[in-house]
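Letters are used for the chains, namely A, B and C, taken in the order the chains are written, and counting of residues starts over at 1 for each.
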Amino acid sequence: MAVDFGKEVDHVARLARLTLEPEEKERMTGQLSDILDTARRIQELDTGGVEPTSHVLDLPVVLREDETRPSLPLNRVLQNAPRRQKNFFRVPSIISNVQAEK
Amino acid sequence: MKYEVAIGLEIHLELQTKSKLFCGCSTTFGREPNVNCCPICLGLPGTLPVFNRRAIELAVTAAIALNSAVSDQSRFDRKNYHYPDLPKAYQISQYEQPLARGGFLEIESEQSFKKIKLERVHLEEEAGKLIHSGSSILGSEYSLVDYNRAGIPLLEIVTAPDIRSGREARLFLEDLRLLLLYTGASDCKMEEGSLRCDANISLRPSGLSSLGTKTEVKNMNSFRAVETALNFEAKRQEAILKAGGSIAQETCHWDEAKKETIPLRGKEGSSDYRYFPEPDLLPLTLDRALIQNISEQLPELPLQRRTRLKQQYGLEAGEAGLFTENRALGDFFESAAEEYSNYRSLAKWVRGDLLYQIRESGKPVEEIQPKQLIELLTLLDQETINRPVAKELLSEMVKSGKGPKELVKEQGLERVSGREKLMPLVERVVAENPAVVEKYLQGKDKAISFLVGRVMALTGGRADPGEINKLLKEKISQ
Amino acid sequence: MELYQKTAANLSLMLQKKEVSSVEVVQSFLDRIELVEPHVKAFITHTPLIALETASAVDKKRLLGEDLHPLAGVPIAIKDNLCTAGLRTTCASRILENFIPPYDATVVEAIKRAGMPLLGKTNMDEFAMGSSTENSAFFSTANPWNLDKVPGGSSGGSAAAVSTGMAPLALGSDTGGSIRQPASFCGLIGLRPTYGRVSRYGLIAFASSLDQIGPLSLTAHDSALLMDVVAGYDPLDSTSLPEAVPDYAAGLEGEIKKLRVGVIKQNLADGFNPEVKAAVLKLVALLGANGAEIDEISLPLADYGLGAYYLIAPSEASSNLGRYDGVRYGYNAGGDNIEVMFSRTRGEGFGPEVKRRIIIGTYALSAGYYDAYYLQAMKVRTLIRRDYEAAFKKFDLLVGATTPTPAFNIGEKADDPLQMYLSDICNINDALAGVPSLSVPSGIDSCGLPLGMQMTAPPSREGLLLKIAGFLEQKRDPFPLRPRVKLSEGGEL
């Protein structure tokens, strides 16, 4: 069962917040459906009753005590900020086009 | 057609830990922006989360207090979405295997008890805070991000759609807040955002069991706002349904100024959070002994306390309620009651004059010694002082912290009583006010209170008005 | 023999005997870098000053008779996905081109504590996604044995640096072969430790449940010495193994007990390069001749590893890479609303392979596909682990080729991602199972390219892998471990 991956790419790229140029999208669509064809082979396997492995370690979670440790100096916090205003990180309007369009 | 309202609440509470859920940054509220931040809570590349033990203990405590069944094994998942206040573009939360399932909170509504069922209780991390330029989100050109809050542990509580009105929602929240204050899990300050509430609300024809189309109401910033907003939204939906329309499943924003819910049309379509198990955190295994231990160490909860106060001390419902809501005041009462057995009188003094003086002086009740109040009431009982003096003394006592006996001695406030002390004063007042005496003799009973007042004034308020009254009548009738 | 030609173990001894100073050692490597780097391009960032400073500090301490770590003064190069405080860490991505971490990775702290001078941060495939180091946003690295070939990847820069004597030791990271495959292509020892053995704190995540940091070196002894520095429990990594770490260098000594060796059928498959297979079988025969019991084993699920891996790794990556949005750090493409800013920043900041994997991963996790793709892959991962558990009941060691072919040409697979993925076919299952795995040089082919054999052990038995590799180094027919770098304009370095 071949999947027309092209249809999905726009939706998925939107979810992932990735702008793809038209020719980039076209090239990728072909490659992606090849890759997924290979990946889909695992669906042949009967995994009824098999627990999924999300961690290879069979250990319980590590817990730390509720103790405070020094935070970063403010200049280090903001050091890499592409856009800042005073001691804040600055971002453009959070109302997106898509929200406005719909 | 009559409609029934079905409301389910989704409550987020910040747990009262010293440090954040996955890093050692402080959780202190109200600091300069971005000072409670480190590589981990900023989501810098390469960082990893390590769980705060206290957050788990507090969450389990809250879950047990809510009668929710704590799972031996729970798991953390990533909830993926892009938003500038979310440093890693995913929130570490619990999806498939929450910390606890089910449970209920019993609320007292119109003199009767009602159980509001819970769906689940789970742990997750808090996001940062956005400050929008301009007056509202819609018109803002840019926003500023402060990550001080990012990574504070959050408890999410989801109720079943058991709530039937805005008022019930408010009562539920008030009781929930009190319960969690008692457990110490959260300080539940809605004004600081440590307790937040969204609601799903739908209407259905009375008697039907399936739910109607719901809307989600957000941005309710006080208990009162929850009540008003949900009542408004219920009426809005009812009007639509009665006019033959249908409800659109959407998110509404409560506008506190306009007092109306505003549908946020065009909000992003169905979210796709792509939950999957958090690979950086192994599953959480809680052994039964730990759960048992927390369960045993649970403090007395509000509902139990209210009931017990009524039974043990014969308090009125209002008093028991006050001593439960104001836990410190209740503790003061109980501590005093250990050595003062006239509970009725004690309760009256504590809820009346003492509470008034505490509010006036701004002094916390914890700084007042129950022993001093007992001393005061004993002086009163022994008639060493009278009621007005006792009130005066209480005020002094609260302000200065000095004991009543000490104050009485200092100010010479012992009660003036006995014929030999009072009769000369009575005689003087009678002699000075012949006109008033005449009125009394003509049958104007009230005239005597004026005379009592004059004598009281001469004693500096330290006499018993009843005794003066008696002596006055005796003198005049002579 | 120049200092840069010596092994780390040799340098360590010379330093301890005070036959040479660390500054002299570092200078030798810096000179070598100046000569070779323009042709190989293994480094994204050079740190000669840091290296010399550390070296002179170590020399001073040695003069004062202070207790020093065996590797104190021995320099190292590290992959540019390990965070270094105050020093640019790019992951070979446009999106992190100017990122200065405010903290050190746990392994970086460890090498600083040991007193190892840092020579630089090495080139790699962007976000460790690739098998040729061609996916670097900045430049490709060449294979020192043949400058037209790829060095493998994603730790290609680290491999090329050690192979050419630009560094005696390097750290790489291995998600699905990224240490072992370049080690094989460059003729080195490359170890992927047991998952959890080396802290991931400060390793910029690709796929969290698979990523592991490990050494690349000329000899097994050198890798063991480096493992002694970086392995161990880290309270900052919740997936760190709490068990005690053996002394790897000391563990190389002594007899090898009777080994049961399983030759993985799938890792010597029909389509594999005959010279690759022959070299592996020669080493296997050597083990047999020295008392090992040899048998063939088929891992029935092996053929499904690739499918599971290319769903699990991209899924985790799609989530791990969500944070590069231009708000707190990294590239920002601007835009007048948040969604445009996010999408443009990520669209322009990430290279094609990274975007491909983000798209696959987002797809595999999205509503309606989760069960068929991601969840099924995780269940297949369980089956693969069971394969290994069963195999390790019968064998102490599993062996096969590290790669189906020797190093391929630059550009050869650049436009065919699936062919590129197949280059890691022998490495992926070990990673899915979380077991330790090592590539050891097995010979040089008729074109003069190095070949590798991969050995895999049960969890926490990386010490055994190092020991066997050390044994093979001594017993095998000798072949050159380092290339002469032949320049296209003629001459060699």
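Rule of thumb we're sticking to: a residue touches a chain if its C-beta (ideal position, glycine included) is under 8 Å from a C-beta of that chain, and two chains touch if they have at least 3 such contacts.
None of these values were measured; they are calculated from a predicted model.
Two chain pairs, B-C and A-C, are compared here, and A-C has more C-beta pairs in contact (counted per touch definition above). Relative to the centroid of all protein Cα atoms, the closest per-chain Cα centroid is that of A.
The most distant chain from subunit A is B, comparing centres defined as mean Cα coordinates.
With each centre defined as the average position of its C-alpha atoms, the distance from subunit A to subunit B rounds to 41 Å. The mean-CA centres of subunit B and subunit C are about 57 angstrom from one another, to the nearest whole unit. Once the centre of each chain is set as its mean CA position, subunit A and subunit C turn out to be 24 Å apart. Of all residues in subunit B, those that touch two or more other chains are 39, 42, 50-51, 82-84, 145, 147, 272, 274, 276, 279, 281-282. Among the residues of subunit C, those in touch with two or more other chains are 99, 102, 209, 235, 238-239, 318, 322, 325, 327-329, 338, 342, 362, 366. Contact of a single residue of subunit A with at least two other chains is seen at positions 15, 17, 52, 54-55, 57, 59, 61-62, 64, 72, 77, 89, 91-95, 98. Interface residues of subunit C, counted against subunit A in their complex, comprise 98-100, 102, 195-196, 209, 235, 238-242, 301, 303-304, 306-308, 310-311, 318, 322, 325-332, 334-344, 346-348, 350, 352, 355-356, 358-360, 362-364, 366, 372-373, 375-383, 385, 417-418, 421, 433-434. Within the complex formed with subunit C, the residues of subunit A that make contact are 5, 8-9, 11-21, 24, 27-28, 31-32, 34-36, 38-43, 45, 47, 50-57, 59, 61-62, 64, 72, 76-77, 79-83, 89, 91-98. Subunit C makes touch with subunit B in their complex at residues 81-83, 89, 91, 96, 99, 101-103, 105, 200-205, 207-209, 235-239, 315-316, 318-319, 322-323, 325, 327-329, 338, 342, 362, 365-367, 370, 374. Subunit A makes touch with subunit B in their complex at residues 15, 17, 52, 54-55, 57, 59-72, 74, 77-78, 85-95, 98-102.
The residues of subunit B lying in touch with subunit C in their complex are 39, 42-51, 78, 80, 82-84, 87-90, 145, 147, 270, 272, 274-276, 279-282.
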